[in-house]
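The structures considered in this document are given below.
Each of the next two complexes has subunit A plus one more chain, namely subunit B in the first and subunit C in the second.
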Partner chain A sequence: MRPLTDEETKSFFDKLSKYIGENIKLLLERPDGSYCFRLHRDRIFYVREDLMKKAGNISRKNLLSMGTCFGKMTKTGKFHLQITALDFMAPYAKHKIWLKPSAEQQFVYGHHVMKSGLGRITENTSQYEGVVVYSMNDLPLGFGVAAKSTQDCRHADPMTLVAFHQADIGEYIRNEEALL
Partner chain B sequence: MADLVERVLQEAAERESHYKTIEVHKDIELEIDPGNLLTVDTNPLDATKLKKNREEYLKSLARDNTQLLINTLWQLPTEKVDEAIVVKLPDPKTPIPREKPVPKDKALTKWQQYAQLKGIQKRKKSRMMWDDQSKEWKPRWGYKRGNDDTQEWCIEVPDNAEDPNVDLFAKKNKEKKERVAKNELQRLRNIARSQKSKVPGVGLTPTEAPSKDYLGKALALARKSTASIGKFTDKLPTEKPSKHTGKKRKFEPNYGDVERESKKQLKILNHIQNRIPIVNTTKAANRHIMEEQRSRARRRREEDGGKQKGGKNKGGGGKKKGGFKAGKKGKAGGKKR
Partner chain C sequence: MLPIEKAAKKLNKKQEKDRKLAEAELQTNISEMEKYTLPSGQEIEKESQQPPDLQLILQRIKEVQHVLGDFKGRREPDRTRQDYLDQLIKDLCAYYSYNEFLMEKLVQLFPHEISEFLEANEVQRPVTIRTNTLKTRRRDLAQALINRGVNLDPIGKWSKVGLVVYDSQVPLGATPEYLAGHYIIQGGSSFLPVMALAPQENERILDMSSAPGGKTTHIASLMKNTGVIFANDANKDRAKAIVGNVHRMGITNTVICNYDGRKFPSVMHGFDRVLLDAPCSGTGVIAKDTEVKMNKDEKDIQRCSHLQRELLLAAIDCCDAKSSTGGYIVYSTCSILVDENESVIEYALNKRNVKLVPTGLDFGKEGYVNFERHRFHPNMKLTRRFYPHTHNLDGFFVAKLKKFSNKIPGAEEKTRVATEMADSVNVAEDVKKEVAVKGENQSGEEPVKDNKDTAPGKKDNKKKGSSKWNKKDTAKKTFKPGKFKKFKNNDGKSKQKKKPKSKN
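Moving on to the complex of A and B:
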């Protein structure tokens, strides 16, 4: 377990700011205690400070997880967001997509979002922006990348992809062992 | 006659009184270790005698105990060496602490470590070996060795030789020298390792087929092999920083100031959002100063060049040449058009 280096922080924030923009500040400066990001086993964890100090007593090999895992750093220094970060992404998301009930299952099974399944979309979402995917009754289901801007979505035919799937809550079942 | 007897008896009595008896009685028997010439008396001291005449009492006690030790020595088998009676002492019984600490085990060499790990055992080779050519026994190595391949008068060029004109004798000599040098280097490294001092970097040992990694290392070493340790070595425009710098990654402390850490992260966040490149102010200032100096120098040169055209100055060859070149270029361009 160690703090992030500057490069890691940069690539991490770069990815994160695609989804929540300047709201990262709210993660760093919290009124309810000091929180920090820690790297352990190539994963970035978002931990309360005192919990992090307690976790420091556990040897590196035996420490499995602490706080919330936000995602993994690849060996080449890129950051991959994981579904476990959804709790912190959903409230701060800048761009959202709401799915029709019929398309929910498709998405939760790991498929991309098609125009036919699109319920609502945030205004002025540009192409390739990170979006958080919701069901129609405002339940966050996962996140993805907008394949079309809001403007393009209006004129797209029903079979075109609107958002690329990145992570969904179905992974808690499908991919349980990799989420730790 | 009676007189004589009396005198003899008297003398004997006198001698007896002069020399103390060799028979000593002790309540508890002494522990005698003749190997160390050591006697330990466990009898309690006589308190009244000790108080009355301390020195005298202790002295007599020491004498008695020494007497007992010498009595036991006389019981050992004696020899006569050069008119002197000599006793061979038995092995000492009392363990005595050593003066110096026990010497540490010698550190294993790298090969010995490996051999231990793999369970490779040393096998003794006989020193002499049979030499078929001379039909006699000769030493395995060294002077006048048997099966000596250094004294060959001809070496066959192998069929699959890449270059048949290569001097095989020279090649053999060179290989031998390299092996010796490598061995010496390894010896020194073993010594360094055993003394826990810093193991010197090997640089690079010669290989038959250098790998990509090896070449990278060689390049990094070659860059650094200047008087300024590579500070002024030019870089190619798209060159990546070398992996073989020998620098280790350093991380912030895990339990450091979390507040400072988050401030630093906020700063990075600001840079990302505003897309402001991180500026090294000193470097930028230096570059600005350098550019200013350069432009000033250029201006001055131009001014000087103007003056020199008028007067005759021997030192201005380089500058004149520059001017000439420019003119030539212009001419060439004109011709093309």
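Moving on to the complex of A and C:
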């Protein structure tokens, strides 16, 4: 367990800001205690500071997780955001997509979002921007990347993709082994 | 008398006679039924060659139980109670396909209600789910699930977060609500140890064998994500399930680690509360895993029991008696055998400074104080047992302990003696050196004293409880090295002095 290096911080914050923009600082400056990011075995954890100190008692080999895992650093130094970060991204997301009930299931099984399943979309989302995906009753389902801007979505035909799938809550059962 | 009257009288008499006869016949029938005879050796041999006739076996089970119900009145004179019991156990084993060892244990536990218990093990318990109060409320969750075509009800008065699911058109483990962490599928009995633990906000809590994380997430939601929870499991693969569940339920105050629980006190201690849901033989959840019926024998139970004792002592050592809010340990198993429950608690009561306290659960049966040859601590009645046939929960045992002192009885005595021995040996060696270097003329008294102290056997006998001796010794110990240095210096000086002297 160690703090992030400058390079790691840069690639991590770059990725995170695609989804929540400058709201990152809200994650670091919280009224209910000080939180920090720590790297442990290539995973980045978002953890309360006193919790982090107590976790220091656990040897590196035996520590599996603490606080919330945001994702992992790949071997090439890029950051890979995981579904476990959803709880902290959903409230701060800048761009959102709402899915019709019929398309919920598809997305949760790992498919991209098509125009036919699109319920609502945040105004002025530009192409390739990070979006958080919601169901119509405001349940966060995952996140992805907008394949088309809001303008283009308006007159696209029903079968075109409007958002690429990146992570969804179905991974908790599909892919539990790989979460850590 | 008119002829017709005569005829009537005759008829009456005849009817009376018939009635009496019929009654007599009925009586003999009843007595025949009452006198049930055990099958003889030949019959048993004959039966063992044929495939088992379940109908017959069931009939015989009932008969034997009937006889045992009033043994004096209904027995055959030349058969002992043991014969009947053996037959009963054999038949129950054949009918429900258990092994004889386990069946014997179960018959000891439930002499009267064994059939109900075994029948209850044949049916599954209802599926229950627990609401994640961090993300939603029970009423909202129930509404959302009803909209998806799930038929459910609150679990009972004792829990505010549980729901029982009767039937469902969708897989419960894959609804969007499940994936979003609004609930977790968890047996009703798994709520109990956490309710007994009663975690408070901002405490430090250890869940010693926590996979797959159902109880851990329950604790976290009761604490509203404050404080610290350490979720430990010895099995790394199973620990992954904790990671998944903790993240899915949106819990942020948990550290997940992978240690052997028995070694945990050396990693960390000073916890306010410790939950030990010990690995067990699973005799309470036979409905869930029917293999237990056949594959558990005496060795397995002993092995489980031994591990449980070690884990419980470790759990107690992890706990801090001086905690202002806590100092509690909850021990639970999904086994109903006394060897894995009351015996383990009794062992801990003898080995550590803990006492039993009420669990705070207002239902369930009291733990055994007397069982067979065992005589447990009278407070054992504060523990709680749950059975499938009486509570429609999995078989479960919950005990709550309060630690009242961090001292480990016996152990400190041992370590103290050990360190003293080591010290005194060192001192003795030093003294020897001293003597060798010094020769004879310097303070002859002290080495003698030390030699007295080094006699280890005597010391053990004297030492018990006399703190005065102890204090004196420790004072000496700290004092000694300094003195020794002094002597050394003196030696150097004296040698230097001596040399000129000799020259002179």
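Following the convention adopted for this analysis, the second predicted complex is superposed on the first by the 180 of 180 C-alpha atoms of A that agree within 3 Å, B and C clash if a C-alpha of one lies under 4 Å from a C-alpha of the other, contacts with A are read in each partner's own complex, and residues count from 1 in each chain.
Please note the rule applied: contacts are C-beta pairs under 8 Å (C-beta built on N, C-alpha and C of every residue); 3 or more make two chains touch, one makes a residue touch a chain.
It should be emphasised that the depicted structure is a prediction, and the values quoted were computed from it without experimental measurement.
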item	value
First, second, both or neither for A:145, with subunit B first and subunit C second	neither
Touching partner for A:161 - first (subunit B), second (subunit C), both, neither	neither
Chain touching more of subunit A, residue-wise (subunit B, subunit C)	C
Subunit B versus subunit C as contact partner of A:6, first or second or both or neither	first
First (subunit B), second (subunit C), both or neither touched by A:17	first
Partner chain(s) touched by A:28 [first = subunit B, second = subunit C, both, neither]	first
Residues of subunit C touching subunit A in the complex	173-174, 176-177, 179-180, 204, 228, 230, 236, 239-244, 246-248, 250, 252-259, 267-268
In the complex with subunit B, residue positions of subunit A that touch it	1-6, 9-10, 13-14, 17, 21-22, 24-25, 28-29, 34, 36-38, 49, 52-53, 56
Contact footprint of subunit C on subunit A as seen in their complex	46-48, 50-51, 54-55, 57-59, 62-69, 84, 87, 104, 108, 135, 139-141, 169-170, 172-173, 176-177, 179-180
Subunit A-touching residues of subunit B, taken from the complex the two chains share	249, 251-256, 258-259, 261-262, 265-266, 268-269, 272-273
